[in-house]
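Input: structures, listed below.
Same chain, two partners: subunit A is paired with subunit B first, then with subunit C.
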Partner chain A sequence: MDQALQHLVNGTVLGGTYALLGIGLTLVFGVMRVVNFTHGELYAFGAYMTYAGVSLLGLNFYLSLALATLLGMALGASIEWLLLRPMRKADIDSVMLVMIGAALVLQNGEMWAWGGVAKLIPNPFPGTPLVVGPVSVMPLRLFVLVVSAALLLGFWLLLDRTRIGMAMRATFQDPETAALMGVRIGWVNTATFAIGSGLAAAAGALLGPVFMVSPTMGDLVGLKAFAIVILGGLGSLPGATIGGFALGFVEEFAGGFVSTEYRDAFGFLLIILILAVRPQGLVPAKERIG
Partner chain B sequence: MMNRRTLLLAGLAMPALSRHGFAADPIRIGMTQPLTGAVAASGNYVANGAKIAVEVLNAAGGVLGRPIELVLEDNKSNPREAVAAAEKLVLRDKVPVLIGAWSSTFTLAIMPKLIEYKVPMIVETSSAARITTSGNPWVFRIAPTSEMEAVAFAELLGKFDPPIRKIDFLSVNNDFGRGAAEKFSAALGAKGIRIGRTETMTPEATDLAAQITALRQSDGDTVFLTTGVEQQTLALRQAVEQRLGKRIVTTGGSFPDQLLANPLPPGNTSYHILFYAPWFPERAPHPQIAERYTAEWNKKGWEFAGLTEGFRGYDAVLTVAVAIKLAGKPEAEAIRAALWKVKLAGVNGDISFAKEGPAGQESGQNKPNVSVVTLSEGKTGLL
Partner chain C sequence: MNALFAWGFVAALAALPLVFPDPYLLAVLTSAGIFIIGAISLNLLLGYTGQLSLGHVAFFGLGAYASALATLGFDIGIGFGWRVVLAPQPVWLGFLAAIVVAGGFGWLLGRLAFRVRGAYFVIITICFAQVLRMVALNWVELTQGPMALISIPPFSLWWPGQGVVPLYRKDQNYWLVLAVAVLAFLLVRQVVRSRIGRALVALRANEPLARSVGIRVTHYLVIAAVLSAGIAGAAGSLFAHYVRIVDPDVFLFIYTVTMVIMVVTGGKGTLWGPVVGGLVFGLMPDLLRGTAPPEAQWIIYGAAMILFVMFLPRGIVPALARRLP
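Right after this comes the complex of A and B.
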């Protein structure tokens, strides 16, 4: 029972970070129909910017997190402006190839700039865990969970309560009609890609201090983010959140109680099972057809 | 048995015995290491050690009157890339000898290519037994096997207080990790120590909470952790988070150097099986050689703890240089034959090769030294 409670806490912490990873990716796909292969690299970028802020520039930890997120948004906006905007009329395969290329450039840029050796980001939280009964959790992990929840909530409010959010939702449902209604699609796309990139960078900035920072840290994360988005339903924001938590819990419980050897495999087995029953994912996105 | 003094003199004097003046082309030595990816820290340290050795050799006149050139290829912590790197080194760069490839998985992937291209390789780190027992006559390993490491560790059991009674394993899920769990189980099991759970992780895994929570359920008192530097660091930190409450011993010779500057909270002591403890060069089998290597490394301003793995590259290059000198020419078959005659003093100790594997197809295996270093609150000690 104690073990199950600890796995429950671990799964919640892991699921929260997975949800944050998935939501940025699904947003970009939902609004722009772009499969963003740079998502994992933007995650790594956020982590490196936090490292640069804290360890190299000596900035405050929280300020570094905020700066890393903003820089991630700026990088995302640049990618949209320079690479995606000229390809708006191109087919999805060509866009995918360009995004794969951009991901390779970003990853190699990180290797060139920072070297291959992983780095630790110092953080202001105590190194001893908080202990409640049989379970324990690091204060830093709790901070990450709370900030992830705040970001998810803030993002939901942005989509639901603001003009840009309405414009994004309109573009998501029917880009041509949205354009006819006066929505500036180009601007919506830039904002969407910047926000999606900012969420990836924020995830990297938050998780960099929990784990370690290396140029290839985005590889596994990118793969997981795609899995979460497909599990939840492509383009579905609630789906990405639920998918993130589902994957976190399955990995944690199956790893803990069945076999850690196949921990990742259990996650992907879940995806296969769900897609076999619900090919549209757990919570498919609503979109106007025809 | 070779005289200890002769060995020492050979190791120290070998570079000086070479002729000066670099009129001829350089002799190329190929090396593949994981310079990026999951185990990049270790790969970079080994590569740095090799670079220092090349500088030391060239400053002393090179080998056979020719400078040594190290051609370094990144295997990206990936066995497929390791094979591609080895092929590039042999086919394009025409190197007559290789050094590599850190992980047992990468080394095992390369090994069929050594037979195909007839090029010898010095294995500087990989510990899986199969590397020298599978019948590949082009393999010469200076690193200890997991079995050697386990047997040497078993001799130190009396130094642990409270004593080790039951052990568990947290291993990276590849030849290195599984091999270490198997050999430590056998060696310590033979000493009457009980064997508990084995949990594994993929080389890229960063969240090890499920594994550590599972290990917490065991009544073992000691966990053997086998993986690269990055995962060692993560596992030690997450063990505190999950209140594992057991002694952790890392195997394989890697050291989580980032925990020197960012130590674990007080009361957490970890144990590390190393093949060179740079904090105590005077305790090395050949202190002068260890101190020279350490001084050259420090001159570069590289991370001090990287010395724990960098010596592998240093010793590997020295071994190759002696073999080329004995061969009299930088040709693959001649170097392979000469490697059997190599005897030198390295940072880890005396280096020479004994035959292992099926008759007629033997690989070379050196018998290295082992020490256990403790890490507590960012400070190291020798067990």
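Right after this comes the complex of A and C.
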């Protein structure tokens, strides 16, 4: 029981960052109909920028996190402007191919710039775990959870309360009608992609200090982001949040009770199962899938 | 492209080791050839059915592992104290096993994945390859995990004047790969020109319409997936017995991407597309070697993919075909 409680806590911490990743990806798909293969690379980019801020420039840890997120947004906006804007009329498969090409360039650019050796980001948190009853958690991970939760909340407020949020929701439902109502779709797309990329970069910046930073760190994470999004239903924002936590719990519990080695495989098996049984996901968005 | 020119091209390739017996050149062409076979098989799905299958390396890897394991033999526990034991088999049986195993998984994936389309299909295929990679990494008893399967025997074939011999020489392996590539090309050509191929092209053009005139869409898609997977499995087997070491990295997404780039730049849905694209991108790494860091190769691959899709979406072969009379 105690062990289960510990897994529950770990799963929540993991799930928070997964939710950030999933929301960014599903938002881009929902609004722009783009399957964003660069998502994992933006995650790695966020982690590297945090490393650069803390270790190379000697900046404050929290400032580096914020800067990394902003730079991620800027990179996302430029990808949208450079690659996606000219491809707006193209079919979904062609856009996917372009994004795979972009991911390849980004990942190997990172490899070139930083070398293949994994890097460690120093953080100001104490290395001793907080112990509450039977459960222990590292302060850094707690910080990660709190910031993820704050970002999730901020994102919901942005979507729910602001003009750009309303424009995004309108485009999500029907781009053509939104355009007729005076929504500037081009702007919405750039903003969407920037926000989605910013969320990925934030997740990378947050998890970078927890794990190591390496050029290929985006690979698995990018695929996991797909898993989360599929789990919740492609294009569904509540689905991605639930999917993020669900994947966190599945990995944590299956890793703890079934097999540690196959920990990462459970997520993918889950996707294949979900797609075979319930392809619309847990919380389906309105969309044709078959 | 007319048949005379095509056979001339094959004859020139076949004569190459006699004219330039440079082992380095032959090694480069052999590994390019293995990937071209993979690209030819991928083209059947990507080009002719129009389904963006991004798990193709799964079949390549399955073929490599199946063939390697069949020729090395294995002894594994499957729970309840039962064991499955296989004595080492001859390589040609391994080659067949590779085709059958990969084709079988092609059927399975086809049945599962073709229930959905578009982004969903793409993601399910990627996940499939990823799960296989995890299995290869972690089922150490069978696959040796990251320690890799080593000492895989080379292909052995009947050779004029020598009887059945293992193929250690570069030129022998080169001819073997060339022969399989030609067979794969002819097989895909036959399929594409058959009833199956017409059904595939019809459903690529307009799936609801194809369905409405009575084409059993899923049935034909699964046939294409099985054939495509089987050929990719054969390529994997060639790879295993040529490189003679197989590790879980054969399932890396990057190899699928390499095959996709070959098909897309060459011209998807054209018979010669994967061959032309495969030659360009199969030879490029070796042309770059020494002058640029390895990352540069992938950056060029990525940039080429972007530029081709944006500016020459139909690929090199259709563009050339329009220029020629």
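The working rule: the second predicted complex is superposed on the first by the 278 of 290 C-alpha atoms of A that agree within 3 Å, B and C clash if a C-alpha of one lies under 4 Å from a C-alpha of the other, contacts with A are read in each partner's own complex, and residues count from 1 in each chain.
In this section, a residue touches a chain if its C-beta (ideal position, glycine included) is under 8 Å from a C-beta of that chain, and two chains touch if they have at least 3 such contacts.
It should be emphasised that the depicted structure is a prediction, and the values quoted were computed from it without experimental measurement.
Peer 1: Overlaying the two complexes on subunit A, which is it for subunit B and subunit C: clash or fit?
Peer 2: Clash.
Peer 1: Quick one: is A:Ile272 in contact with subunit B, with subunit C, with both, or with neither? Answer first, second, both or neither.
Peer 2: Touch status of A:Ile272: second partner only.
Peer 1: Applying the touch criterion given at the start, work out whether A:Glu41 contacts subunit B, subunit C, both or neither, answering first, second, both or neither.
Peer 2: The answer is neither, since A:Glu41 touches no partner chain.
Peer 1: Touching A:His7, do we find subunit B (first), subunit C (second), both, or neither?
Peer 2: It touches subunit B, and subunit C stays clear.
Peer 1: Between subunit B (first) and subunit C (second), which, if any, makes contact with A:Glu80: first, second, both or neither?
Peer 2: neither
Peer 1: Considering only touches as defined above, state whether A:Pro122 meets subunit B (first), subunit C (second), both or neither.
Peer 2: In the superposed model, A:Pro122 contacts subunit B only, not subunit C.
Peer 1: Quick check for you: in the superposed arrangement, does A:Ile230 touch first (subunit B), second (subunit C), both or neither?
Peer 2: Once the two structures are laid over each other on A, A:Ile230 reaches subunit C alone.
Peer 1: Can A:Asp219 be said to touch subunit B (first), subunit C (second), both, or neither?
Peer 2: The answer is both, since A:Asp219 touches subunit B and subunit C.
Peer 1: What stretch of subunit B clashes with subunit C when the complexes are fitted on chain A: 1-9, 19-27, 55-63 or 109-117?
Peer 2: 109-117
Peer 1: For subunit A, what residues appear in both contact lists, the one with subunit B and the one with subunit C?
Peer 2: 111, 219, 261, 264
Peer 1: For subunit A, which residues are in contact with subunit C within the complex?
Peer 2: Interface residues on the subunit A side: 29, 35, 83, 86-87, 90, 92-94, 96-98, 100-105, 107-109, 111-112, 219, 223, 226-227, 230, 234, 259, 261-262, 264-265, 268-269, 271-272, 275-276, 279, 289-290.
Peer 1: If we count contacts the way the header does, which residues on subunit C are in touch with subunit A in the complex?
Peer 2: Checking each residue of subunit C against subunit A gives 50, 52, 54, 112-113, 115-120, 122-124, 126-128, 130-131, 134-135, 137-138, 253-254, 257, 260, 264, 293, 295-296, 298-299, 301-306, 309-310, 313.
Peer 1: Show me the residue ranges of subunit B that touch subunit A in the complex, using the header's touch definition.
Peer 2: 34-38, 40-41, 43-44, 74, 77, 173, 199-202, 204-207, 209-211, 213-214, 216-217, 229-230, 233-234, 240-243, 258, 261-262, 264-265
Peer 1: Over in the complex, which subunit A residues touch subunit B? Could you list them?
Peer 2: On the subunit A side, the touching residues are 3, 6-7, 10, 13-14, 111, 115-120, 122, 126-129, 131, 136-138, 141, 211-212, 214-217, 219-220, 251-253, 255-257, 260-261, 263-264.
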